[in-house]
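Only one structure is covered here, and it is reproduced in the block below.
The chains carry the letters A, B, C and D, assigned in the order they are written, with residues numbered from 1 in each.
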Amino acid sequence: MRIPRPIVSAILVLSLAACGSDARPAGDSGDIKVGILHSLSGTMAISEVTVRDAELLAIEEINKAGGVLGKQLVPVVEDGASDWPTFAEKATKLIRQDKVATVFGGWTSASRKAMLPVFERYKALLWYPVQYEGLESSPYIFYTGATTNQQIIPGLDYLKEQGKKRLFLVGSDYVFPRTANKIIKAYAAANGMEILGEEYTPLGHTEYSTLVNKVTQARPDAVFNTLNGDSNVAFFKALKSTGATAESMPVLSVSIAEEEVTGIGVDNVVGQPVAWNYYQTTDTSANKAFVKAYKARYGQDKVTSDPMEAGYNAVYLWAEAVKKAGTTEVEAVRKAAGGIALERPEGLVTIDGESQHLYKTARIGIVQPDGLIKQVWDSGEPIKPDPYLKGYPWAAGLAGQ
Amino acid sequence: MSAFANQLPIGLSIGAVLLLIALGLTFTFGQMGVINMAHGEFIMAGAYTAFLLGDLVPALPAAFLVAGTMGLILERAAIRHFYGRPLDTLLLTWGVSLVLQQLARDLFGAPNVQVPAPAWLSGGVGILPYNRLFIMGLAVAGVVAVWAYLTRTRLGRRTQAVVQNRRLAATSGIDTGRVDMLTFFVGSGLAGVAGVALTLIGPVGPALGTYYIVDAFLVVVAGGLGQLRGAVLAAAGLGLLNSYAEFWSDASLAKVIVLAAVIAFLQVRPQGMFVLRSRALT
Amino acid sequence: MLELRDVQVVFDGFRALDGVNLTVPDGELRFLIGPNGAGKTTLIDVITGLTRPVAGSVRFAGHDLVGRKEHQIVRLGVGRTFQTSVVFEELTVIENLDLAAGFRRPLWTLARRRRGVSEAVAEALARTGLEDLAERSAGVLSHGQRQWLEIGMLLAQRPRLLLLDEPVAGMSKDERERTGELLTRIADDHTVVVVEHDMEFLRRHASTVTVLHEGRVLVEGSVDQVSADPRVQEVYLGRKASDAVGHRP
Amino acid sequence: MIRRNLPFAAVAVIVLVVAPLLLEPFRLSLLAKYLCYAIVALGIGLAWGQAGMLTLGQGVFFGLGGYSMAMHLKLTEGGGLPDFMVWSGVEELPALWVPFGDPVLALATAVLGPMLIAAVLGTLVFRQRVRGAYFAILTQALAAAMVILLVGQQGLTGGTNGMTNFFDVFGQDLADDSTQRGLYLVVASVLGVLYLATRQLVNSRYGRLLVAIRDGEDRVRFLGYDPALVKTVTFALSAGMAGLAGALFVPVVGIISPALLGVVPSLELVVAVAVGGRHALAGAVLGAVVMGYAQTAFSEQFADGWLYLQGALFILVMTLAPKGIIGVAERWRRARTT
């Protein structure tokens, strides 16, 4: 077998092209490049595109207000393609080739875990905007979504207050639900609650009749739902078709926000509780401005949700830290970030310098017939982030320490 | 009724879903040896048809036409050049499925859309909700229609003749090209009907097809190529197996068990449950 | 040498072979004839392991063949050709032959490139007269040449029993002539069973003929005996056997 | 002989000498990633292009190799239990993991494990003459099942996240550019050696036998060979290559996760082989590199377009140039010389 000559030249051209495409103009001294790294294609694009939009909105707003340190922010947007190695690859590119000052990005835990070594290796900064399973704290990541004690535990507090003592746990088979359910089981043991069942389904699973049969047979007071994405649609449709309602079978969900409600069908989830830190209806003046700006920029039919708001906040928080540090240099920004407090759409958030998470207010909301979510309960004040649950005696041993 | 007993109707209703999504494939894969990876996207097209019409009943014939026409175009434009090269059609149609998915994303947006279930489908009998019964009824109707078409109409009998011996059918004056076209139309159309039914129980989004395609192929493989009764039995069997396996273990393991069962079954019956005998070599 | 006893084959309720008894002694050239559907090809399929009989025994050189896999039967020295010749079009003539000659070689030699021409291959080339075409790809051969190549592949296997399924079907007169000569020479040192319709070919080359009908052996004997047999004439729709079997429909 | 090997030598020089000199480290490790895929593609080229077995589950073998290596890397970095076990609540190193502390055992498992699984699967299905489309669908379902199993065993495998956060490989610091360059050279050399070995195999009698089986498996039976055995061996060889590629991929890219071995990545590699030209081994290798590069280049420009492009490219190749880039190039060369 011979390699035809054109192929040889093709390989030569290719390798040269691979070098050639590196030559992007380094931003002139008047600009600061920032990376935005979300899945713009593949299964996660549905969620992550909206976060990207919120982040871009924040950048535009900051630029309009004069930028940071007198310089304009220039976003470099990359696609993580719902593929974890691609996240690592693109993070490397943003840091090494585009030399961005910081990166805003990620959604799934897996994508964050894949990027983490890259940011630690090159001592660069990542702002991660989604609620997650905790048990992590990297010096090069700021977490602007909730950790477990700002979402899962308040959710359980709410259920306990409602007198729901017998729970059934339903989740997609990945890290967040499994960790969340471990916490829930420990909480239940400490609070006299009973776990009647714990079921996981593969990501993208769409056949829920057996699972719903198991749930209805167990007759729990409530279901704690950590299903992800499309599975929620199939689960709620199957549940509804057995005649269950939000009164007869409350399902507390931690992955359903305003965005998802339409796809599931409002009919199927109306009246059901969800746990987040922010809703489009959250009553703050900052939120009114955010919702208005977002709709003006992306369309009146668009909704805002918790992860979008967390991404939007991330940009502002970073900008604030840079202003405080007087430089975009990573170590200086990290040092300056601790203690920064801002009034955001969800209310006051403060960066906890030690864990690099935020103080956030937990909120339980109920899905309304119009598809929006109305708050019915909140934690009163911002909760101190505790990713390893060190402040909860019943959680001892969960983190493996 | 006990949870255990409940699993029996549940298994049958899972089987009905499997049958519905595989019915079209028994045509295109079974008869023509075309591994149509875009079958899932025809299902998706049916579901989006229901979304556009907003009503289930008129969506059934409409989806049949929409998906069928898409299948027809695919067959005429590309697949007919590939007969006798089943593996190539697999890759070709995979490319088509990628394009269709992205097209759906651009046309309807990436988020799932909602198809309202008609009011008369809320409620149920025992463990089985009306929407599940509706799907079972649709599957039965589909099988009967296919059976009647194959055995009671001239075109259907020609189709069968082509399945059994393409060359002989061609030499005895059957226009195999037309039969192929029609078969692809019907097979794809059935996928569209399945898509409408699936809006009752699952998400409606660009990735819809990918959730069902592997299962659909397993049913056809286990049932035997082009074998209606094989597909029915395989779908029912896999549905029940899935239902009980998930009942005793969990959803993840159930999927693995179903696959292992199909492999084991193919050890006993390498050509599926029913097989056409043929003397042709390779 | 080859001995079939009471062999029965059933396809979906249809009795393709209904108790066939057949003995082919060593060194014989035997012709099998019969109308369409008589079970000729099925008989060969049974001997070579492609079809499994529901009853009866097939013995070859002391081995029971029933239940053995095709390639094992080939390794015992039984080779066959097919009605529609199957040669490997992407390989050259010599590669086709080399492949056929190869199964006796130790496995590790497979990983080596073919160098030169082995004795068996050279002999098969010479016998089939395909020397000039040795390096051509089999895909470009004419119909007749393909049939010869297939016979050559059979020879390269060095079998003791050759089963040829309609070797001259579709051939021109000249080609048939050459095939006949080839066959006669092969029959000198092999046992050969030929399924054939061509009566003229039969008359020139057959020693013994077995007539199959509806899955049974109807008559066995010399060409003259067989074509004179009234039962044979009846089977061929009352016409004279020589007419009926002289042309394929 | 020299003339025949000239193009190979030229490519080898470009890949081994020119590329490391010209490319900056980030691009070089991208190229290393493509070359890992090229090793898998080489196996697909052998199994599919030569022997006609369309395997849609190569990701499974790639994953097994990758996981073996990842487990080894996790165990050698010190500091007790692998990180994901800590947050999955596993307190003691599972017995399954223990052998992977040994580099030789880990590498052997990475290559021999996939071969063994392929051999068992091959024996089962080929003996029953399951082939063509059936085989393709079974391997595809295998990939789907494998993903589910890996995801379900979070404490053992890291679940959907897979394994990442590796610090060094065989004592070399992974953050170091020179380690990455070294890895690149290792991957490129392995690919080169495997390419030569596979080419030798394809040109041998065994290669002729494979083509014969591809074009007429039943006929081959009547030549006295057992196609099931030959196919099983070939399938196992291609699985071994995929396993080795997976083992190399992990230190190069720094992550292994179930998503890398599912249905889609397995199919994408088959697509790459088809685009490059399945009938030629060089086509398989070229296809993997070209498609990998195209994906990166495209997603940097416009992400949404990639699916259209991939789909369209594929439809075009299958309909207009079934022999892929190599086929087009050969036609072009013939047209010029005559």
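The rule is short, and it goes like this: a contact is a pair of C-beta atoms (placed from the backbone, for glycine too) under 8 Å apart; a residue touches a chain by one contact, two chains touch by 3 or more.
It should be emphasised that the depicted structure is a prediction, and the values quoted were computed from it without experimental measurement.
K.L.:
Looking at mean CA positions, which chain is nearest the middle of everything shown?
P.N.:
Central chain is D.
K.L.:
From the C-alpha centres, identify the chain that is farthest from subunit D.
P.N.:
C
K.L.:
I'd like to verify one number: the distance from the centre of subunit A to the centre of subunit B, where each centre is the average of its C-alpha atoms, in whole angstrom.
P.N.:
The answer is 37 Å.
K.L.:
With centres defined as the mean C-alpha position, give me the subunit A-subunit C separation in Å.
P.N.:
Measuring from centre to centre gives 72 Å for this pair.
K.L.:
Averaging only over C-alpha atoms, locate the centres of subunit A and subunit D and give their separation in whole Å.
P.N.:
33
K.L.:
What are the residues of subunit B that contact at least two other chains?
P.N.:
In subunit B, 105, 250, 252, 255, 281-282 touch at least two other chains.
K.L.:
In subunit A, what residues contact two or more other chains?
P.N.:
Residue numbers touching two or more other chains: 173, 200, 202.
K.L.:
Counting only residues that touch at least 2 other chains, which ones in subunit C make the list?
P.N.:
82, 86
K.L.:
Could you please specify the touching residues of subunit D with respect to subunit A in the complex?
P.N.:
4, 7-8, 10-11, 14-15, 18-19, 22-27, 30-31, 33, 81, 85-89, 91, 148, 151-152, 154, 159-162, 164-166, 174-175, 199, 202-203, 253-255, 257, 259-260, 280-282, 286, 289-290, 293, 296-297, 299-300, 303-304, 306-307, 325-326, 329-330, 332-333
K.L.:
Quick one: which bits of subunit D touch subunit B in the complex? Just the residue numbers, please.
P.N.:
The touching residues are 48, 52, 54, 124-125, 128-130, 132-134, 136-138, 140-142, 144-145, 148-149, 151-152, 216-219, 263, 267, 270-271, 274, 304, 307-308, 310-315, 318-319, 322.
K.L.:
Give the list of subunit A residues in touch with subunit D in this complex.
P.N.:
1-8, 10-12, 14-19, 21-22, 40-41, 78-79, 81-86, 88-90, 92-93, 96-97, 108-110, 113-114, 116-118, 121, 133, 135-136, 173-175, 178-179, 182, 200, 202-203, 398-400
K.L.:
Please give the residue numbers of subunit D that touch subunit C in the complex, ascending.
P.N.:
200-201, 203-206, 208-209, 211-212, 215-216, 218-227
K.L.:
Spell out the part of subunit B that touches subunit A in their complex, as residue ranges.
P.N.:
My answer: residues 3, 6-7, 10, 13-14, 17, 105, 110-117, 121-124, 127, 129-132, 200-205, 207, 210-212, 242-243, 246-247, 250-252, 254-255.
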